[in-house]
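Consider the two complexes below, in which chain A is the common component and chain B and chain C are the respective partners.
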Partner chain A sequence: MKQSKYGLALLLFMAIPPMASVLESIMIMHMHMQMPLLVISGFLMAPFFQSKLPKFFAKWNEDGIPGILLFTLVMVYWMIPKTMDDALTTTSVELFKFISLPFLAGVPLRDSWNKIGSGSKKIVFIVFTALFYVMGFLYIKAPIQLCNNYLLIDQITLGWGYMTMAICFSIYLIYLAFIDKQESPIQL
Partner chain B sequence: MNSTAIKEKKIKGSLKEKSQKLMGIGPEDAKLTKSYMAVAFIALLIGGALGLLQGLERAGLLQLPHWFNYYQVLTAHGVLLVLVLTAFFTIGYFYAGLSHTLGGLLPQVRKMAWIGFWMKVVGLVFAVVPIIQNKASVLYTFYPPMAASPYFYIGLALIVIGVWMCAFGAFINIAKWRKQNPGKHIPIFAFFATGVFVLLFFGSIGVTIEVLTLIAWSFGWKATVNVLLSRTLFWSFGHTLVNIWYMTAISAWYVIVPKIIGGRRFSDTLTRVVIILLVISNIPGGFHHQIVDPGMSQTLKFLHLFMSLSIGFPSLMTAFACVYVFEKTGRKLGGKGLFGWLKKLPWGDVRFLAPMIAMIAFIPAGAGGIAQTSNQLNQVVHNTLWVVGHFHLTVGTSVILTFFGISYWLIPYISKRVLTPRMNKVGIVQTIIWTLGMLFMSGAMHWVGLLGSPRRTSYTTYGNNATALGWDPYLIFLAVGGTLLIIGVLIQVFAVFHMMFFAPKGETEFPIAEAEEPEEKTPMWTDRWGLWIVIMLIVVSMGYVVPVVDLIVNAPPGSPPFITW
Partner chain C sequence: MSNRYTKIATLVVLLFGILLISIGTDGFTAFTAETARVNKLLEDKPEFPDVTFQDSQEREYSMDEFRGNYVLITFFYSSCTTVCIDLEMNMSELYDKIPQKYIGKDIDFLSISFDPDRDDPATLDIYKNMFNSDGETWRMASIQNEEQLANVLKEFGVIVIPDDYGNFAHNSAFYLVDENGVLQEVMDYKDVDAAAEKIINILDSGEGRS
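Presenting the complex of A and B:
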């Protein structure tokens, strides 16, 4: 339960207006720092909800697939350039970001991760790796500003951020594929 | 693989290890390390002599001739001591340790290490010839737009590839051992080696890209070069190199020194965590060498202050671990009271004294480093002799004295000879001379740096400017320290070659301490190097993507080559 408190503290800390505006002032920090940290805060808070609502999770997320789909959906939604713009200009969207990433992405991720099999884990990992390559390519190659609020250079930087992450994920996948499974069972 | 096969392999593996531990190092592995050590200490001899020339010249006591000028000497001093001595020592030391803890090197790994050896030696010749011809007086950091002869850069590239051969050799040997020992932890010494070689490989990718660009540029195939990007790539390596030395030194502090004082080493799990943290958090720290570079934003500098200071955490843990082990061992030996345990430590044993002074030197050295990494304080000391004082304390004392201390058991170990009480005395004298010499030299450098005396500048009074004249007394101290140090160098080189070829025959052990609680179960996740490497790469991208994209996309016109000397 301690973890849940840390998660809540992290969420509140991220929500302090100066903190939010610092992280949102740079595109790559907005997408690759603030958003993942919000997901992590939800991930940490998950045990609280799991213990309070065990029936709910058992009923709606029996095999973990609905949860992981919800997680993926929310993540993909926030990768769209337009949504970042909206978060910066419309308060209700900003609020939705602070709710959806922790509670609709972080919490279901934690609940699902141990329920889905290692095959599904691999699929999720591969899907996100591919998605990161695509996003990287998009942000690097787009000749025009995709967000009203960020400059072209910010966009290219974010693109390279995606590319390098995708490369790191690929290396990890290759590593998992090649090491002796007997010594280190796959536990992503 | 079925379980009987695993068992068989296990038995075979452990038999081989046991025989290795009883019989000492095999002659082929010994020859490899001997060769690395010989090059390292010859580099110390030549580099040290050049250091003395510099010290005398800076004090105005000696005028170097135009055919052998200050900047040539300084370039050679930097390359020989900072690249050659440390790289050869580190590789020789870890390969001996891998051979010892993993039951001998695999034949193909030994071959790789030899290929690496010769690539480095050939690379060194390529680099040194232009320096002697005064065609590469670019100092060991070779910042563009100063352009050296292309052969200088080709030499550097060969050295790096030679190092990579050794890194991959180590990985292969460790991987093979893990296959043969399923379910067992990588032995702690090999764990240190893994960390060091991971950093050596990944830390030198950036500088390799830089050097390849500079080769094309100095040949004239490429008209201009991006200066700031080159500096950034250089420091991604330079800074990592510093931590490679540090990790090599602390491998001895954590694993070897406790055995020498008759104690046990610090918690196995925490030791491994320190290594992992050092590997993960290291590379982006390089920006603290560019605090006053133009074109780096304030935010960036602030973020990198954080990166630099985060390395302070494992350092503090190391300090804690060392003192903890010393106190525990001292008390076990009967030390009483608050500090009585200190007296029980074997101060008369050079294998303890040298690394102990090295650790003590790291206290002011680390404090100075924290000061330097702060933007405002850095403005005061940037490019002054303070900085030179700082790294003679860190590398020149903390790291090098640890290496010297190691040599008093490692050289006998690989030569199947013993450390005699007389040689131990020689070592004690050497350690004291080195300590005094560095106290004088580094102390004077720090002080005169605060007064504004620049680094990398041959003797000048700036037309008898009063401020510049005020530096002279301190520079004399610098020369005194340098003179003591060269005596130290001579004794050390004598000791190394004496122990290698003339000391009495006998068996010397490779001192590896037992873990504090041998039954304590170290969690298996510590061994997941693939994961640590990926996390390291993610941290590297977090640190470098923003500035590097900015440096490339918003670059000013590049610079053609200049020969400024």
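Presenting the complex of A and C:
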């Protein structure tokens, strides 16, 4: 339960307006620090919800597929350049960011990850690796500004951030493919 | 899929996800805020606000100066080293593609600087010469009043972000305002041929009308 409190504290800390505006002032910090930290806050808060609503999670997310799908779709939503701009210009979208990332991405991720099989885990990794490569290329190569609220140089930085993550994921996937299947370490 | 509930949950999540992304992209039409901005402008068709221009010949006038003519507008600043040069080069190309009979009679060209501090008439005069603008049928002007300038940028959805080096990042397009000062078209400034074709079509049909 202590974890859940840390999670809530993290979420509240991130929501303090000056903190939010600092993290949102630079594109890569917005996308690759604030957003993941919001997911982590939900991840930490998950045990609270799991203990309050054990039946709900057992019944509706028995095999973890709905949860991991929800996580993926919410992440995809926030990768769209327009949604990131909207979060900066529209209050309701900004509010939705602070709700969706912890509760519709972080919580279901934690609940689902141990339920889905190692095959599904690999698929999740492959999907995100592919997505990150695509987003990386898009942000680096796009001749135009994709986000109106950020400078082009910020966009290229973010593109390389995506690329770095995608390369890390790739290394992990290659590593998985080469190690002894008996001792699969894919147990987070 | 071990039970019925997870199947239902999966379906619900899938529908929610599609709905969410559909809302976020205005029904899968706009993946960037810039596309959404242009879509919204074309829907709203705002009227050009009342402002006072100061052009390269130190003349001062409002949008009424162009009443009765279409006006092709771009937003720029002369100290710009990147996109504005392309933008104004393309505007020059576009100017050459429009039949002479329409120029000055049915359509005027106007480049508006959003950097009133640096773009005084003398600077604009030098800048206009670089693009073979005649200063008459293609004018370059700034808006000195800060409030008026901010209003124009807001109405026409031009977002200008100053960076740390005295430059501005901004979005660009060709804006076509009709004879009553109402925005009619927002066109891709990189596709001069398409823009020229569209404008000539509009002018041709206008000629048939009058």
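Note that in this section the second predicted complex is superposed on the first by the 182 of 188 C-alpha atoms of A that agree within 3 Å, B and C clash if a C-alpha of one lies under 4 Å from a C-alpha of the other, contacts with A are read in each partner's own complex, and residues count from 1 in each chain.
Just so we're on the same page, a contact is a pair of C-beta atoms (placed from the backbone, for glycine too) under 8 Å apart; a residue touches a chain by one contact, two chains touch by 3 or more.
Predicted model only: the values in this text are computed from it and were never measured.
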Clash or fit (per the criteria above) of chain B with chain C on chain A
fit
Using the touch definition from the top, say if A:E62 reaches chain B (first), chain C (second), both or neither.
second
For A:M1 in the superposed arrangement: first (chain B), second (chain C), both or neither?
neither
When the two structures are overlaid on chain A, which partner does A:C168 contact: first (chain B), second (chain C), both, or neither?
first
Spot which of chain B and chain C makes contact with more residues of chain A, would you?
C
Taking CA centres after the superposition, what's the angle at chain A between the directions to chain B and chain C, given in steps of 10 degrees?
110
Under the stated touch criterion, which partner chain does A:L176 make contact with: chain B (first), chain C (second), both, or neither?
first
Check the superposed model and tell me the shortest C-alpha distance between chain B and chain C, rounded to whole Å.
10
Could you pull out which residues of chain A sit against chain B in one structure and against chain C in the other?
none
Parts of chain C lying in touch with chain A, wherever the complex brings them together
1-3, 5-6, 8-10, 12-14, 16-17, 20-21, 24-25, 30-37, 159, 161, 163, 169, 171
For the chain A and chain C complex, residues of the former touching the latter
59-63, 65-66, 69-70, 73-74, 76-77, 80-83, 85-86, 89, 144-152
Within their complex, state which residues of chain A touch chain B.
26, 28, 32, 153, 156-157, 160-161, 164-165, 167-169, 171-172, 175-176, 179-180, 182-184
Mind pulling up the chain B residues that touch chain A in the complex?
1, 178-179, 182-183, 299, 524, 527-528, 530-531, 533-534, 537-538, 541-542, 545-546, 548-550, 553-554
